[in-house]
């Protein structure tokens, strides 16, 4: 029992995380770059263009849009789970994690919206269509912005963590409700759908999966980097941070001193 | 305990009655702007009526939140009631008082707005007014329940109503969708029972989650 | 069964990343009056809010009668009156309405006699029907103090209760606190200077 939970407690230790994560990051970034390179090569050059709908190269936007949209949803859920862990087990690292995820999730949401709009222009002839997926993404962006706005409104971090976590949990209960309402509302108004139903042909599937994998790694890498900064800010008064800062002082400064 | 909390809310509101009337004026005035802004023609008004009335109800609920929470926070009675009665109970009493004093009046006054927005135009016999009232009756409590969470969080952050709006409006979208669609379906002679059922389901979910979440947020606000 | 009183062990409190108390130990036995002193900003109010369960300590345990105060079974919050700086009265309501609200919240069935006697003793008996907003600052303060008479409790945590009181009210409050302690009550209060009318059993200082 004790050993099974050890990882959980270790993750709860900022110092442990900060030391270990510096060893993880090179691996994560290396594999992100490799997967991105392969994925982009396949999706931008090697994969066929969908000729039958006359979309031409616009189909390639899907390889960015779908992974970004997937990560935007996953990001919110992970943020909410971290919030629950923070509130229930009073784990400060979980609060730091939810704060670290928020802007990256919001960025993913924005990328999904932006690529959706770019795809929409040649396809629908308009930058914006109240399509179910785009509308849900827009509302998800609002939820992220609400979280960030609330968290940034506090002078006291401990209070901000708790309040924003309550919001994230309420928000995550609402995400499926919003998603299904928007979908239902959309069919009511006979809207369009970005995502065609039916299975994708394998020549599209493989590069898409590679890109999704690459985006997951990118997301994890970015979150870890932001979390490291959060940890430094939150633990700035503790001994190990000042030790770390002393050993990482820029070279020129040392010379001058 | 709960009745004492509720009674106090109602008493304060009675002394401060204008605060209860203003959201109602707001509701009526916002709706009556649309004929000027869009068109006074009955078919046009009828088409936009459900959306306009619902959006106005939503904003009116949002704007009336402030007075039910802010003064208790400022005069210190919020922390006292939280200590004695516990967060969930305090939040529940506030939510119920807020709905009784602002949500329910909206429901009652809504037929008047139905007339202004011509929802019965072209129908010899119609129950659109009842459907509008019913949709508001099922939807406004949910607006109050969700609004309580946003308001309590904004209190904790010591911010004003603008933050409440940012936090709460995305969460209001499902209620707006089904509330509006209930009335639209009735106007187009479709069945609207499904929409009403979903509004009721949303209310149930909010009833389970909100008092707890809002209570938790109120507790954070006094810490 | 005798009450074991309020105790805190290994209490660490910080506000805005600033540590106020570290590993504090506290023992408030029944029938004792404890005077909490310290400079402004030392953490007196934070400690009181923490003992009242409003503020969460970073670490440490607070027990009331042997039970952790966060325990749902503990009667702590029914037994506690915490008077803060804010007077916690509604400006729109009268003295009587304000006080009877708190009494009803505590489950007091008929608070009228208690309210009558408390307000009479403080010389605001005639003003019972006045709205709180219409009272002078001194009168408002007296109304808040009346809660101590009206609400049944076993522990009082009072943040600066003597500040800005006239002589008569000071006597009255000191007498009330003494009486309460004699009946087994636990009292913790802060003040900028010692109150000569009050026999203090325990002094606790917070240093920077």
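For reference, chains read A, B and C in written order, and residue numbers begin at 1 within each chain.
Here is the rule we go by: contacts are C-beta pairs under 8 Å (C-beta built on N, C-alpha and C of every residue); 3 or more make two chains touch, one makes a residue touch a chain.
These numbers were taken from a predicted model, which means no experiment stands behind them.
Asks: In terms of CA centres, which chain lies closest to the overall middle?
Replies: The most central chain, going by mean C-alpha position, is B.
Asks: With respect to inter-chain C-beta contacts, which pair, A-C or B-C, contains the greater number?
Replies: B-C
Asks: Just the number, please: Cα centre separation of chain A and chain B in whole Å.
Replies: 33
Asks: Provide the C-alpha centroid distance between chain A and chain C, rounded to the nearest whole angstrom.
Replies: 48
Asks: If you average the Cα atoms of chain B and of chain C to get two centres, how far apart are those centres in Å?
Replies: Inter-chain centre distance comes to 38 Å.
Asks: Indicate the residues of chain B shared as contacts by at least two other chains.
Replies: 223
Asks: How about chain B: which of its residues touch chain C in the complex?
Replies: Against chain C, the touching part of chain B is residues 1, 4-5, 7-8, 11-12, 15-16, 71, 74-77, 79-86, 222-223.
Asks: Residue numbers of chain B touching chain A in their complex, please.
Replies: 146, 149, 153-154, 156-159, 163, 166-167, 169-171, 173-174, 177-178, 181, 202, 205, 209, 213, 216-217, 220-221, 223
Asks: Sort out for me which residues of chain C touch chain A in the complex.
Replies: By the definition above, chain C touches chain A via 15-17.
Asks: Please give the residue numbers of chain A that touch chain C in the complex, ascending.
Replies: These residues of chain A touch chain C: 155-157, 237.
Asks: Within the complex, which stretch of chain C touches chain B?
Replies: Answer in residue numbers: 49, 52-56, 77-78, 80, 82, 84-93, 97, 101-102, 104-107, 131.
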